[in-house]
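What follows is a set of structures for review.
You will see chain A twice below: alongside chain B first, and alongside chain C after that.
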Partner chain A sequence: MFFRMVEKDQIADLVRGLASEYEVVGPVEKQGRFVFAPVTGAEELRLDYDTTLLPPKRWFFPPEETIMRFRTADEEVTDDEVFAPPRVLFGLHPCDINALLLMDNVFTRDYVDPYYKARRDNTLVVGVSCTPSDTCFCNVWDTDEVHWGFDVFLTDLGDRYYASLRTVKGAELLDDYVKSSEVTEEDTAEFQRVVGEFKQAFDNDVDTTQLPVLLDAKFDSPIWDEFGEQCLSCGACSMVCPTCYCFDVTDRLAPDQKSGRRVRTWDSCQFKEFAAVAHGQNFREGRASRVKYRYYHKQWGYLSKFERVLCVGCGRCARACPSDISPVRVIEALQTGGVR
Partner chain B sequence: MSVIPQDAYRRDAETNPYRPWPARITSIIDLTETEKLFEFRIIDPEIRESFTFQSGQFVELSIFGVGEAPISISSAPSKQGFVELCVRCAGDVTGALHAKQCGDVVGIRGPFGRGFPFQEMKGHDVLLVAGGLGIAPLKSLINHIHDERHEFGKVTILYGAKNPAEVLFRYQFDMWKHRDDFDLILTVDEPDESWDGERGLVTGLFDQIEVDPDNTYGAICGPPVMYKYVIDEMRKKHMDVDKIYVSFERRMKCGIGKCGHCGVGHQYTCVDGPVFNYWEAMNLQGAI
Partner chain C sequence: MAPRVVVIGLASDFGCQVQMTNIEDHLLDVLGLIDLRYWQLASSGHLPDSYDVAIIEGAVTTDEHVALLERVRETAGVVIAIGACAFTGGIPALAALGEIDRHCAVVYGDTPPVAGVTRRTPGPVGSVIAVDYHVPGCPIDTDEFVRVLHRALQGLSDRPPQDPLCAVCKTMENVCFLERGQVCLGLVTRTGCGARCVTLGRPCTGCRGLSPEANLPAAAGVLESRGLDGAELVRLFDLYNAAREAVR
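For the complex of A and B:
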């Protein structure tokens, strides 16, 4: 990777430059919370945000999208184009970039998903360093660092950024729009000091020892019944999760019944019908079985395929859950055998 | 903000695994009150000719305006140019298909999933056990074995249905009853006066058969409740856990490992299955 030093007051130029070529999306404040939204200038950006309500996944995998338009008379697809405008996601934290990498595994490998892929290809990612909030536990999964999946990553050194340039496009952006300088040995030492402090700032202590074994060995543990009792099956955890990718597909006919759209929408394994099949059978009828499945898949199912857990420790689900169910609590219960 | 018209950046989905191919219904046979056997030919000749599959794999059957349903292929891979699906009318998509006529067009995409290990089974005896609609994927395997019969040892087929009216493919099996290269035993739970086969559950037939445990592959397909009991019988015959194959049915919305609906244990039924060996299935929490 290559590195450059960028003065903070250059960010306005960078965003202005980017906006001439791309739609720029970044963290903005909305009623005291942060969301990713299109911006027109750097002054709207809040690069000091802690975490956003919703993860950036919707810019690649929208909550609802038409995957094809059809004609019923001859079962022909009339249009399956992908709408993928050139876009920059500006100011993603390492957890959210890591989450994109986990999504990439699902959507861009076997049976490439053309919708996700087109947006991913047409979107530049500019990352920015963060400070841990009380719900963050990315340190537990080593997702507090990120080394690919972005174009530029900006580490905040006070009045300057230590910019990591991952791609040609990222390097060009810096060349085109900002004045940057070479990185000195002192700069790298400062970078190390800042990152060291960042790592010290986490006070989440989650014991992930032998998690896959525990998930299997304690599959019938009463802790799941307890979490099942608490869970409302609202699916909020899935909606705010940057790595939850499950979806439903439905057809919507036009009023003339001759044409229509096939639409996919976000779905959640916490919804009761998620695993229901014909003849009244439901493979995960009870709430306990569904809560368990969510964790089982994230910490073991996905791991067994892609060698990473499907969680980046962003803490959004912990904030969103009306019953305070969180990965930290679930993992602790698995370790100790008791729900706290 | 960008002044470039965004429509300029719409791109074609070059290869789209969600896009069904139009296929014409070329034959419909009423099998029972609720099941019909459909033959489809994909309209695009290039795709039709290049469509190859394994027994145990499935396709996503699409009817625009209604939706999609995963259906096992019941014709044999040795027969190309068409696919046969044996479909029970169970809901929206299957209901809409049942209302179609010969010559109508639907959509098909696939084949998907992992089928039975046909090549591995060669040179061995096979014991195939079907319950109810489970005969649909097994029929593909049975017919494939039939077409390469000399490659296999003893072939035993046990098939159970609720009553004689629900026995699928009876015309084929009636003919096969007299063949000595297939040991075929049919049973029904509720026989009527016309029934000359066995009565009772399919597990009751195991007393009648002999199994060479070191040399036999098993394949089971039927309603979820059946698996445990049939596997118990196979284990009593000392068959190896990794030579017994089962096929699972789960809810599916994509067929290609994305939508998450078909999750079973740590796997996805659509891409890791639907056919698993029993060792794998035992390792899938909540599968059997």
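For the complex of A and C:
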């Protein structure tokens, strides 16, 4: 990795340049909140955003996508091309870049998902530093730092960005489109100071001591029933989660039934049918067990396989859950034995 | 041989039958799958004596509706209820709240009905006869209607979506009405509409009925915790679901 200094007023040139080669997707305002959406110029970007309604996963793994089209008469596949235009995701926070790395483990390792993989390969990532909001707890999982998974990362030093160039492509883009300057020792010292302040800015204090052990020890704890009583089974938490990857696959026939398309849609472990199998058997009949297994999967199951928890502390689920069920509350309940 | 289909309207504004015509581009494809014998909105003929599939729109509001439905059930192998009125009682079922005779007196005075019908407490089709397939919503979604018709023609099970609306609303990147201090019934309403109303800037009014997975006590608690009136949930939900006890 190497580094360059970029004046903030150069961002307009950078976005203009990127837009000549790629679809540029970045944070834009929507009714007082933010979403990642295609932009044509830097003036539309809100790099001061706190978080977005949906995480960037949708640009790799859309809420609904056609994975193939077929004819019913001879059961032939007529189209299975993956739509993966060259794209730049501009302005991702460290949590969301870390989330993509966790998704990569699932979609690009043992079983490569061609749809996710094609988009991942065709997408450049430009990260940007952030300020913690009151629902952020990335510091708890060390996902407040990111060291790979991006092409360029811009750390805000006031009037300039300290640009970390992780890939050759990222360095080329910066070379092509903006005037940047050498990093001095003073610049790096300032970078260290800013990062240090950022680390101090988190005011949450989540005790994750022995978390996987606690999950095992408290498998039958009444806290799960309490959370079950609060849960609306609406699945909002899964939709807004940058690391939830479960999906459903259905065939949809055309009105004349002569052709159809196979569609995959985001699914949620909080839906009753999620664990339903043939003969009406359901492994997760009750709300409480569904809430419980969401946390077992994220903080135990995935950890046992990939040595990371499947959470980056972005806080989107905490904001989206109407009942205010959140990882912070669940972990607190596990530590103290009571739901607050 | 294509199954013989009839479309019957009970108490409703016929909006769902109009929605069927809105299949437009694909209407001929759909009609190609069936032998349409009677469509109340579009034909001047009479309900035939024999048919295979009955598509019913509207709520049951008279004794004559009950007699008709009993005849339909004896005749048709498959009964499909379409729209909020037929599925949950819909708007007509609002009349069942409080004293129906008093409501009728306000609207009709004390003269007997001109049409010569005997009024009864409004309810969904399922409160009178067994219904095999359901298409929820006010009005129905044309794509969903075609999907359910396909399932009926293929003999697959009736599978209206079960979960509340919030998940799909999140995928539309809508800013939650609850965050803006407004009651939205998506919390407890059956999904499947794509969260159209919220996406167009209106809170969900529950036209697709109660999600079988809805957690009503928790939802009322959610409103209370945001300084809203928990009882509002049920009051607003009555708009399309006053007869929800009778939904089967």
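As a working rule, the second predicted complex is superposed on the first by the 340 of 340 C-alpha atoms of A that agree within 3 Å, B and C clash if a C-alpha of one lies under 4 Å from a C-alpha of the other, contacts with A are read in each partner's own complex, and residues count from 1 in each chain.
To be clear about the criterion, contacts are C-beta pairs under 8 Å (C-beta built on N, C-alpha and C of every residue); 3 or more make two chains touch, one makes a residue touch a chain.
Only a predicted model underlies this, so the values are computations on that prediction, with no experimental measurement involved.
Once the two complexes are laid over each other on the shared chain, residue contacts for A:324 go to chain C alone; chain B is not touched. Within the superposed three-chain model, A:338 lies out of touch with both chain B and chain C [touch as defined at top].
The larger set of touched chain A residues comes from B, when the choice is between chain B and chain C. With both structures placed on the common chain, the touch criterion links A:54 to chain C but leaves chain B unconnected. Within the superposed three-chain model, A:279 lies in touch with chain B and out of touch with chain C [touch as defined at top]. Of the two partner chains, chain B is the only one that A:85 touches; chain C does not reach it. By the touch criterion defined above, A:63 lies against chain C but remains apart from chain B after alignment on the C-alpha atoms of chain A. By the document's definition of touching, both partners, chain B and chain C, reach A:257. Once the two complexes are laid over each other on the shared chain, residue contacts for A:230 go to chain C alone; chain B is not touched. In the superposition on chain A, A:196 makes contact with neither chain B nor chain C. On chain A, the surface touched by chain B in one complex and the surface touched by chain C in the other have residues 253, 257 in common.
Touching chain B in their complex are the following residues of chain A: 19-24, 38, 40, 67-68, 70-72, 74-77, 80-86, 106-107, 110-115, 118, 122, 216, 219, 245-251, 253, 257, 260, 262, 264, 267, 269, 274-279, 281, 283-284, 289, 293, 296-297, 300-301, 304. Those residues of chain C lying in contact with chain A across their complex are 23, 26, 29-30, 32-33, 146-147, 150, 162-171, 173-176, 178, 186-188, 213-215, 217-219, 221-222, 225.
Every residue of chain B that touches chain A in the complex is listed here, in rising order: 1-2, 4, 6, 9-20, 22, 62-68, 88, 90-91, 105-107, 224, 249-251, 253-254, 256-261, 263-267, 271, 285-286. Those residues of chain A that touch chain C in the complex are listed here as 30-33, 35, 53-54, 58, 63-64, 229-236, 238-240, 252-257, 266, 268, 271-273, 287, 320, 322-324.
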